[in-house]
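Below, chain A partners chain B and then partners chain C, in two separate complexes.
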Partner chain A sequence: MTGPDPRNSAPESPEEAASGGTLITSLALRQRAGGIAVPAVTVVIAFLMGGIVVLATGHNPLIAYRDIFNGAGLNWIFHPTTSLVPTASYNLSQTLLQTTTLILCGLAVAFAFRCGMFNIGGQGQYFVGIYVANWLGYDFAGMSPVPHILLCIVAATLAGAVWAGIAGFLKATAGAHEVISTIMLNWIAIWIGEWLFGDGGPLQNAANKAVPISNDIANSAKLPVFWGQQQLQGLDVGFFVAIAALVVFWAILNRTTMGYEVRAVGFNPEAAAYGGINVKKNLIRAMAISGAFAGLAGAIDMTGYLYHYGQTDIPFSSVGFLGIAVALLGRNTAAGTGAAALLFGALLFGTTHGLTSNVIQPELAGNLTYIIQGLVVLFIGADVLILYVWNTRRKLRRARSAEAVSAR
Partner chain B sequence: MTEELVLEMRGIRKEFPGVLANDDVNLDIRKGEVHALLGENGAGKSTLMNILCGLYHPDAGEILLEGKPVTFASARDAIQAGIGMVHQHFMLIPVMTVAENIVLGVEPVRHGLLDEDRAEASVRELSERFGLAVEPGALVGEITVGQEQRVEILKSLYRGADILILDEPTAVLTPQEAHELFGIIESLKADGKSIIFISHKLDEVLAIADRITVLRRGRKIETVPREGATEASLARAMVGREVLLQVEKGPSQPGEVLLAVNDLQVFDDRGIEKVRGMSFEVRAGEIVGIAGVDGNGQTELIDAITGLRRIAGGSVTVAGRTLEGANARDMLDAGVGHIPEDRQRRGLVLEFSIAENIALHDYARAPNAKWGWLFPARLIERARRLIVEFDVRGGGPLTRAGGLSGGNQQKLVAAREIARDPKVLVAAQPTRGLDVGAIEYLHRRIVTERDHGRAVLLISLELDEILSLSDRILVIYEGRIAGEHAGDVSEQEIGLEMLGGREQAIA
Partner chain C sequence: MSSLAERLENPLSARLRNPAVTGYAGIAAGVFAAFLTIPPIQARAVTWPILVGIVAAVLGIWTVTRGRRRLGWGAVAAGLLGIALGILATRSSVGNLNAVFDAALIAQTFAFTTPLIFGAIAGMFSERSGVVNIGLEGMMLMGAFWGVYGADKGGSWVVGIVVGMGVGAVLALVYAYFAIHLRADQIVGGTAVNFLALGITGYFFFQLYNGNYIPEGASTIPNFNIPWLGSEHFLGPAIGHLNIMVWAGFALVIGSYVVMFKTPIGLRIRACGEHPRAADTVGINVYAIRYGCVVLSGILAALGGVYLSDGFGGGTFVNNMTDGRGFIALAAMIFGNWRPFGAFGAALLFGFSSAIALRLQVYSASASTLFNILPYVLTLIAVAGVIGRTIPPAADGKPYKKQ
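Take a look at the complex of A and B:
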């Protein structure tokens, strides 16, 4: 055993270092120490276990993963000149379409996290954005395109902010835990949608009253498509909005006084209050900003490629929840969220479009994404445990080597 | 005391990630001696004792009990070997009686149930034998801190401890209680028990110890008999250089009233009235110390003056302006600086860098920010200056505050508060848990700030600190001022008032 390296000797007193720690201190440690190593390991383990599932069904996981990779269009990068290109470029545009939504839904979770809150309501906030964008996109037909699109997007974003702001307000004033209130707000949003688009609902389409589905938004409310064709669900400029949102997220947190307040409250509300920061105001505002990201996701999806929404689509949407996995894997940072969103976007599209029945059990195909998503969340939640096991093992090893020394 | 060794620790080494907490430490304890373990925070005292009582395993070295090598796999092994430890934070169950707490885990049983009578009898027998007055039937939640400590000691004795480790036992006691504790230690010693007394207070160690072992940065510096040791020689061994133990300060020159508290009334979170009509003034250029036992309204008083807690009645006036309904922001703007009593929980955002922590009050002001846009480079630039000026060691502007040692964290807080040029400086427990070197620095700094014409309100549980720094002393008892003195009052007189003695004498 070597002596302590003076270059990286931890300045904590041994008493402090040894007092072990609460969950919070371990979480803080994880945030600091992890870098990208821990999320990377998490992903690798999740893929390995997903591979075991594939193997158990009698298929080759390596081929399955290769096909997912290709199905997501990621092979486009390697051979942009071969005949594969049309398919690959289409696949990649679809992957990026998913990525767009996931970036925004991930930011919706990450921003609240940075203020010390867990926003599980991304799904509901996303729906609210969908509803408002659909309503304005249809009802305000006749506006010129730029103002119409802006109206839809701004209003839907604000609606998401208000929806999440309710949870922030309840937390700040009544102490209601945001996990509970955002879950309940999800259900309220779901049932509002069931009513809006359902039989005789105010947003149900005018043409065929038998179908519980909304009207299509006006052409003036549709975002321009820059990759592929609009009829074939090409990639719209909403993708750039999502990239811009990543930059905005980073800038708010690291370059504004508001972000300073958010982080101070997130790390230590008591010290923030002592510093003269209004903690309650920040809780409400951070939740609202979170909701704005999710509302924006809904608006971008509606104006970018969905154009209409059906009552039956509502129970099948889970982008808000995928956003949690994205934020967790991305460690609530802008770059991490972007990367994690791309990973999950590729998985979502790759598993549903790249796999054939001789590569993987058909029932398993789409679900592989959710298996991997679940494993990622599980491992991230458990890496406090992994750190603990690591430390214990190291202690044991030292104790053993000490015994070996004294036995000699 | 005999020369007979009951315990030897040889070549103990313990390493934590990045920190060598104990390096080849030897310690021997004789039968019936009081052996003080002296050292600054982080010197490795607690680590060594945690090894001795089985909580940590040493990386190297051995422990010999009456000449025989032993290894402790757990705290239980150490207890069975006769080693008992009284921690700084007591581990008692408030809803159970004194006797129940003491016998917990090794209860006398009759018909499968706790034999209350036998438990109480044996506790009573023990407490009489060692002069540890406690009421076996009393609920622990209703006894004083000093009594809780006795219960902890009895707990160890009940389990047959021959070697008793007391970790900073006087930190939570009033001077009177500390005096009584020393009496108890004498009687334990007379009974042949060995006592390891962990402390960083030099006067105490010289008063009670037979031999003194000094640790510094994980190494044993020396073991000396009390005879011949002086405060100065021990401080030098602890810190590794000459230390000024006495605060040098000239007479105060009080100016205008900068802080006036008038008939103040404050409630705590549970709605209990903790400050009950306090009035006092602090003038420019003077240090007013507030002495008192913990929990007599100090925290609520500080919170009210700094705008962190609503004022229920009365008023706080800063530099002639009476602030009503003021929040923390208002008080900061009015010129109140605040070194909080808990620097880790309140004074710092440990995850923030030094630069970000220095900006905690003024992050939104020019030149740190403009129109809500933050300029990190300016935060860093300012931090760089203050780090030099306040001698904060252990990192640069981008170092995480949580990575600094306690003393440097406190210097960081002081730097932030003083650099804002406050009119009133509220210093709550400014040196709690700090080592001699850092205490020296902060005390000097507080006196300097007084001389710069600030009004300093010093709140401390350490009577020594109050006595050595204050120009005037107020004693707080149950939310009221129980006495006011000039700075040169005796410890005894204040001690009595801290316990409400004068009030009782009048009644």
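Take a look at the complex of A and C:
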């Protein structure tokens, strides 16, 4: 099928784009309004404001941020081979473990965004992936490793796709807003988990009925670890799966007919329908693919390093929501999502388990992550802020080219 | 001399044969079938719920044949459900039944309902003016922490309420600035508010209380004891000693209905939510109305939070105390079709299901846990349009740009 690239039909100036007011036109604006300037500025502002909170409560923000940096293991890059800092390589492997999850959860949000939908239900789809992977990983013990791992991952990915597909289906057939239905599906998934692992639940461990935790998955369902030791939660090959997912995300959107249709629906559903694209089918499909990424995240976590899950883990997991910040900061592109996932992965581990600091306790720093996350999401969503950056950039560029002309 | 046919023509029986009346009577009979078997009536014979349930189903079928199909099938379903629940109840022990269904269930339902009422009415004001408020959860959480902080440090629950309302208003103002002036996507902005609230309350809870509990003895919001209702008969434990915030919640429902549908300011709010350009043309300041509604929304949601920590919770706070109540409130608002009494009914249903879920533990922990899913499934069904379609305000979530 040949048709005009929908990007060309986007309004010429960002001011016009902003007046459209729909989610996707403002996303298109974000896409166009200048490189990595907006995300970079956003992150700097968010860290500054977080620093002010730290300062106001009587801690030194510079030392706090240095300790968080070290806690995330990012100091490893200064001395990768020497063992000056023995914990650095361990911390970095843990940061990358979080990054793996966040890449996939970020892609889940980003894919739906590209089709003009807001998948706020990444958390629920992630949980569903966790449950299915745990169930198959334990109940199908005795299979040989490769098929067992594949079974767990494929089934959990499909489960995530179905869970999100419900929201896509409701949107396509009944016009139910996907934000509402995915929020509801999140809570349904949470309570199902409470039931599965809880007292007398079907996935509760066989050994001790007083503890609301699942069984460990069989060894044949565990992903191999390539950095660190399996007993100490080393980095598993799921990391490469996440990297591959970034490539797949890019390829689907930019190199396939399906991706073209998804983007066309995202830019303008009426125009897409007029061009012969089945909008309803694409809404369901985009949502299902989106959920597949989140389900895959759950499967990779379960087979990669968690191995079991419990009632108390459920309220502490927020990777699905962090995925929103990752996708928005990464501007819903593959490369951007990867970079943003590394940033938030480092924050997530560096402020909690990895942190050793005399200045700021992990309990404070962990909540600082939420504050920074909130500020990033708040600022990145503001059109006028982006317009301002866009216009300044244009003025700068014009001034520079004028200088270049006069210099000649 | 009047024949049978003539007598059937008289107005009362004509009204009784109206399919709407028979349909609702069928639903009521279905509910009654289950109600018969629980305290205080507590019929122990299976016959009664079955008989009444069959009456409900017959009324339903009759309604279906007269054209009101959805209502009729609803009555049939209510009848069958009533029979099923009735049989279940007659099979279970009297002791268990009395443990689940006692007068305190009513008080507990109201306790669970109140934060939802505040949240749902808060959401209604914001969304009726055209600003989607996903951030209810965060505003409620801020109210919960800063409310109990105010009550603890200020020495009085009144201070707590004032501080909570103030913090809710400030957070809502920040959100309003981004949603209205900066035209940020409102879902994204609301999500940001939730993250911010989670981080700020968690950070300051640890900073100010060093990770410990809020010390006992913080001034809590008092109960309103109705003098002539002791605890001897049914009404005493049911409504005799409710928290004053519960009564405030009931008043809020009535008050918000009057403001929204019976006053000029309510008309203006609704105009901004339905067609902001038209409202602007006739001289309504859309930005001012929207700012006012979002800030009011923050204040009300925060009040729900203060009740949670300093009333219901008895002067405590834990991290992420609201635990999704803001989202249930949002669901109640949608389920109630953006109307005060609709939202109240939905909040009551969701509060009742939470109270029942807590008590079902005498039967089985699993069943009790699964019962918590009910509000979310009901909302999902409601937005899917299976039971009547929910219709949001036309300009809900769309930023307005002055020309």
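The rule we apply is simple: the second predicted complex is superposed on the first by the 343 of 408 C-alpha atoms of A that agree within 3 Å, B and C clash if a C-alpha of one lies under 4 Å from a C-alpha of the other, contacts with A are read in each partner's own complex, and residues count from 1 in each chain.
Throughout what follows, a residue touches a chain if its C-beta (ideal position, glycine included) is under 8 Å from a C-beta of that chain, and two chains touch if they have at least 3 such contacts.
Computed from a prediction, not measured in an experiment: that's the story for all the values here.
By the touch criterion stated above, A:Gly298 is placed in contact with neither chain B nor chain C. Shared-chain residue A:Thr57: touches chain C; no touch with chain B. Once the two complexes are laid over each other on the shared chain, residue contacts for A:Gly71 go to neither chain B nor chain C. Legend: residue contacts after superposition of the two complexes on their common chain; A:Gly137 is shown touching neither chain B nor chain C. In the superposition on chain A, A:Ala176 contacts chain C only, with no contact to chain B. By the touch criterion stated above, A:Thr369 is placed in contact with chain C alone, chain B being left untouched. With both structures placed on the common chain, the touch criterion links A:Ala272 to chain B but leaves chain C unconnected. Of the two partner chains placed by superposition, only chain C is touched by A:Leu328; chain B is not. Counted by residues of chain A touched, the larger count belongs to C, out of chain B and chain C.
Judged by the touch definition given at the top, the superposed model places A:Gly124 against neither chain B nor chain C. Residue overlap on chain A between its contacts with chain B in one complex and with chain C in the other: 18. Across the interface of their complex, chain B is touched by residues 1, 3-5, 8-18, 28, 31-32, 254-261, 263-264, 267-268, 270-276, 278, 395, 398-399, 402, 405-406 of chain A. Interface residues of chain C, counted against chain A in their complex, comprise 134, 174, 178, 181-185, 187-189, 191-200, 202-204, 206-207, 211, 320, 323-324, 327-328, 330-331, 334, 364-366, 369-370, 372-373, 376-377, 379-380, 383-385, 389, 392, 398-399, 401. The touching residues of chain B, when paired with chain A in their complex, are 14-21, 41-42, 44, 46-47, 50, 56-60, 62, 218, 306, 308, 327-329, 332, 338, 340, 345-352, 356, 359-361, 363-364, 369, 372-374, 376, 394-395, 400, 402-406, 408. Within the complex formed with chain C, the residues of chain A that make contact are 18-19, 21, 23, 26, 53, 57, 118, 120, 170, 173-177, 179-181, 183-185, 187-188, 190-192, 194-195, 198-201, 315, 321, 324-325, 328, 361, 363-364, 366-378, 380-385.
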